Amino acid sequence: MQQTDTAPQSVTMPKFNRETLVNIAVMAILLALPLWASSIGEDYYVNLASLITIFAIAGVGLNFAIGQGGMVSFGHAAFFGIGGYTTGIAAFHSFEETLFMAMPFAISGTNQMLIIWIVAMVLCGLAALAIGAISLRTEGVYFIMITLAFAQMIYYFAISWPTYGGEDGLSIYLRNELPMVDAESALTFFLICFILLLGSIFVSARLSGSRFGAALGTARMNETRLATSGIDPFPIKLTGFVISAMITGLAGALFAELNGFVGPSMLSWHRSGEIMVFVILGGVGRLYGPVIGAALFVLLETYIGEWTEHWQLLLASPCLVSFSSPEAV
Amino acid sequence: MMAALIFEQILNGLQFGLTLFLMAAGLTLVFGVMGLINLAHGSLYMIGAFCCAWITQQTGSFWLGLGGGVLGAAAAGALIEMLVIRRLYDRDHLDQVLATFALILIFSEGTRMVFGSMPLYLNIPEALSGTVALPGVEAYPVYRLFIILAALAVAVLLYMLISKTRLGMRIRAGESDREMIAALGVDIKTLYTIVFALGAAIAGLSGTLVGALRSVQVGMGEPVLILAFVVIVIGGIGSIKGA
Amino acid sequence: MTKPVLEVKGLHKNFGALQATKNVSLDLKPNEIHALIGPNGAGKSTLIGQIAGWITPDAGSIYLDGEDVTTETVASRSRKGLGRSFQVSSLAMEVSARRNVMLSVQASQGSSFRFWKQTKSDQELRETAGNWLKKVGLGGREDIAVSELSHGERRQVEVACALAMKPKALLLDEPMAGLGPTGSVQLTEFLEEIRPEIPILLIEHDMDAVFRLADRITVLVGGAAILSGSVDEIRASALVREAYLGEEA
Amino acid sequence: MKKLVSAGVAALLCCTAGVAQAEVKIGMITTLSGGGSTLGIDVRDGFELALKQAGASDVKLLVEDDARKPDVAKKLADKFIQKDKVDILTGIIWSNLAMAVVPSATRKGTLYVSPNAGPSALAGKACHENYFNVAWQNDNLHEAMGSHANKAGYKKTFILAPNYPAGTDALKGFKRMYKGELAGELFTKLGQDDYAAEIAQIRASGADSVFFFLPGGMGIAFMKQYAQSGVDVPVMGPAFSFSQDILPAIGDAALGVANSSQWGKDIESEVNAKFVKGFKEAYGRLPSLYASQGYDAANLILSAMAKADVSDKDEFRAALKEADFASVRGDFKFGNNNHPIQDIYVREVIKEDGQITNKIVGVAIKGHQDAYASKCRMK
Amino acid sequence: MLLEVKGLEAHYGAAQALFGVNLTVNEGEMVAMLGRNGMGKSTTISSICQMVTPTKGTIEFRGQSLNRMSSHKAARLGLGLVPEGRRCFPNLSVLENLTAAARKGEWTLDRVYDLFPRLKERKNQSANTLSGGEQQMLAISRALMTNPKLLILDEATEGLAPVVRGEIWQAIAKLKKEGLSILIVDKTLKELLPLADQAVILEKGESVWAGRPDTLTEEMKDRYLGL
């Protein structure tokens, strides 16, 4: 992650190094395969691509916290789940034609994706604000454990809330709607996800390159430097954490749409670990890393899972070697 | 009637709390001395239970199984310390979390390959089945009482080990100044392996005790691990008293 | 009497039973270099920590340019004009020297919550940072990652970062350590150069440098400032020899 | 996730029969790992046995493990429908999983034949023409036990079940028939394996009997801990708590306990004899009621295949509804909501040739239909 | 020759701390290492004890090369370190501090208590409740309990009251008399120089002078050691 600056005039010229080529290739394949699969009527593969895309968005979110801000959150499943449950609950009320809250705030359910996305992101942002405000006062292991503990609290909360399915989760019988397009179509839904992935990568890149990004990056590399430069690390990190949570929350909302189901497993700590694995597999701090990580993960799960039920063993072993060998990925 | 119920529930709570304590003690020991966050601690709990189940099945003796569970977990702990964990001490916590997360997957899948995914049920030895009358409760299961006593015994032994023996002194010394204890000629690597195996043995013991009560299955350690983490976060990392 | 830029009054700090700082008062006037010396364990780091804001004093107050900053955060003190360098380098190692200085520049402009405009195309920001680096003698080395720079060069970057904040006072914590003989001579010359612009509180073991630079010296022993005076006064003081070198002169 | 023995039966038997009609693809989502795996394994084995005995070469059965997780089941259903393009789904054990999978699958036009779960929602308001339950509506066995409790003269029963759709249905079912008073009512966590707190409450409640519904590993854990607790209040439950798959694990603690079931291995009929014998020969163990349900589910599908082509959905549905097959439990027909109308027996746990098993001791309810049928709009 | 250090260089991260240190200690000898603060004395000691890995140069102890040896193995060869800042284990009692790392030999608890009777009085007290002087005694005793061939004392009298200093110096003199080899760093030349057999001066990470202490001129003292 050497961000050594180039001379100003060459900044406008994109650098075509190997990583850029790999990124372009990965995105092109990710776009081309479902188009092809859809043309021969294999929606299954289109949905697989959507899954990769959604996981990639979740990874982009977490990568912003870890890769940019150095905040190793082990509780991002909380945001993924909140995003998912927002979709599930909105759809539930829309389907049952009941109100989310009675007086004084009568809020009805909705089946409009755009509204749901915004609500999901706002809710995740608020949750991250609360969790971050407490967690970010700690460091290192404590931060990891506290984020884990918060996610676990939300997990138990979801389990013990029978209105929304408790342990059983909620089914979304009909996919929610977007104006003008047929989101029920697998390909359309994939394209929506793909555009949102590009959007989240773009936003994350813009933010990283901004003044705010410079401050956040310094918080990761050397917090002392940041404070000495006269910038309070806490609000910077908190803002970064919130942004990261919002992106991951959007992914959760999309995940719920894709599966037509939300359940507490979206909130489990295994999920947090998995999102972290997307980030690590693709390389911490690499902008397109989560795409590669999510693709590897989903393909391994799908295809190695075909011939051995012990696919996780095959996933974990190389990870273990790479994490514990001196020169990490 | 009400008082009896409350008393019985207190005992049940005590039994559960003590099992958590055993898990948390192992975790904090490892964290306090090595500064390592070990997510795979729950796997050692599971390994203890499976070793016990297997040996009990082979030999028909629960007591051999119990011993085997503890030793098996300790051996597994020592092994992963030497192969993997040792490389993680100087790494950042992200690497520690991920590597031990990978260990969980490996242990879970490995156990599933060997033992299958059917839960195993252990039979409690004759001597421990049945109930005893306690003041306030007319009948309390002997085995639950045994867990309480065993966990208390381990807690006391652990306390003695840490506070009275030379090994314990070295562990505490290593906790406060690792470099200095090495400079005095104590092999810190071996010490760490021992501490890790000790933590694993305690986890294995609680897995074995609880496994016989409930069931032995893949993933059984994780809920306990997560709860133990919460206990630790609340109790403050690194202190055995906190656990 | 000129008004002091930095003033410390009656600072106390205990760690458990250990009295790390005992009623320390000192000040820094415009255009001067005030050196703080003392044997290991005399409480210099604790004192610096309190002045910079990492450690909260138990009693006493700290004034920066007449304003009480005793309860302010590190970042806020930096914004108000307290620049500092560290014993152990505190730079962001993975990025270029320029990036490190750019952060200080943007902070001094108070604009870290700008999310959209890209810093790498922000010519003004880049050039300002570049100028500071040139000033400390790192012209041509601006875009090299700090991890690739030598130890001495990193010290220079740190000073550039501090200067870019346009500080009212500089706090330099053992800037000569690890520089080697030539390095420390160069840095000494540089400090001479900036002395007219910014007063410096200098903590240093290198006595050659201290005696050459300092206008005033304060000796800290066992957490207390036992003596303050000119170079010659300190050299001559029996009290200092005894406390500092353990000799009874 | 996990792919087990699957591709199977058709391939094995391909050489014996000529191709009669288009191949029927069946996707089975069931629980093969974790605490509830014995149920899924028995359903699968019973299903496969029926196919094997029928020599059905035109059936392709795909089996996947849901690990008792709703999200996994949902994912598998999507995969079966989208990728493998199955005609019929089957196999789900747990009602919560069924609720995650069945409504959307049947709505998308896939047939679902339930060999176990029968949540009340799917029998009533949300019934669907593509959904057939070949086992029971969840409440049935519990209702039977409620009426048995009256006959046995219990006046103060303590009841408990896990907190999930089938659990709430169970207690509702029991209470629908039971006339005595309740000593207490508890919902436990699904998958719980320590019942110390519940047993303490039973002890304190002064109950004269305990009715519990804790399927799979939960029941084993409960019964073992109950036996050690020294509480000697008689227990009763639906067959799920004393089914053949878990009786050996519970051990002698279960002897003499009454339980309700729509099936028993001692029902005298040709088809039941063939099933019990075939099952023992093929798998070396006694069949459970889950196995019988899997067996019936397969036979129901086979009976429909003999009458209609699966590509003609309407005709095939009608053929299924006729239920023109020999059920191992005896008389079987579908009600308006595609749920069975059947007899329910009371069994007792006994020891036979050194093996712990069940014996039918009486009939609890005859020709029983579930309580939700009237809410279903289907005719 | 007990200890021989040749051309030692060491870094802390990117910062070079030692630029070439040469030093020898003979059996039964007391060698003083002199120099102002920050000149590399402590780093030299850390390098000898393998707490810092030297980048260049050789260290030989009792005929064995210590290069790349782990710190505990070096200690077991007979290096007894009394580090700068004492570094007693604060959460251990005095007795535990003494026994935790003890190795068999002529130094026993009784002998250590003879040397510093105050430690015996406080044997059950935890180390962080001791005064600075007592902690220093404990640090010295702790090193003695490992029965070292070479005792290394880094600033053993710094920051102590004059009376306590006196006690420590007496003990050091006693140890020397008993024939223990000692490498010592201290700034109180008045007590140190009469005791030492050899002296080495470090200036900015290099050894610039070595010889008998009585040949050290006032001019050199002022140049290298004075204020």
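Couple of notes before you dig in:
As written, the chains take the letters A, B, C, D and E, and residue 1 is the first residue of each chain.
Operating definition for what follows: contacts are C-beta pairs under 8 Å (C-beta built on N, C-alpha and C of every residue); 3 or more make two chains touch, one makes a residue touch a chain.
As the structure is a computational prediction, the values presented were derived from the model and not from experiment.
Looking at chain B and chain E, not one chain touches each of them.
A centroid comparison over C-alpha atoms places C as the chain most distant from chain B.
Here the CA centre of chain B is 38 Å from the CA centre of chain D. One finds 56 Å separating the Cα centroids of chain A and chain E.
Measuring from the averaged C-alpha position of chain C to that of chain D gives a distance of 77 Å. With each centre defined as the average position of its C-alpha atoms, the distance from chain A to chain B rounds to 34 Å.
Shown for chain A are the residues in touch with two or more other chains, namely 309. Contact between chains, as defined at the top, is found for A-B, A-C, A-D, B-D, B-E, C-E. Listed in rising order, the residues of chain D touching chain B in the complex are 32-35, 37-38, 193-194, 196-197, 200-201, 203-204, 206, 217, 220-221, 224-225, 228-231, 249, 251.
Of all residues in chain A, those touching chain C in their complex are 1-8, 11-12, 206-207, 209-215, 217-218, 221-222, 224-233, 236, 239. Contacts from chain C toward chain E in the complex involve residues 16-17, 39-42, 89, 150-151, 154, 174, 177-178, 180-181, 205-207, 222, 234-235, 240-241, 244-248. Chain D makes touch with chain A in their complex at residues 1-4, 65, 69-71, 74-75, 78-79, 82-83, 96, 99-100, 103-104, 107, 163-165, 189-190.
Against chain B, the residues of chain A that register as touching in their complex are 66, 72, 74, 140-142, 144-146, 148-149, 152, 269, 273, 276-277, 280, 284, 309-310, 312-313, 315-317, 319-320, 323-326, 328.
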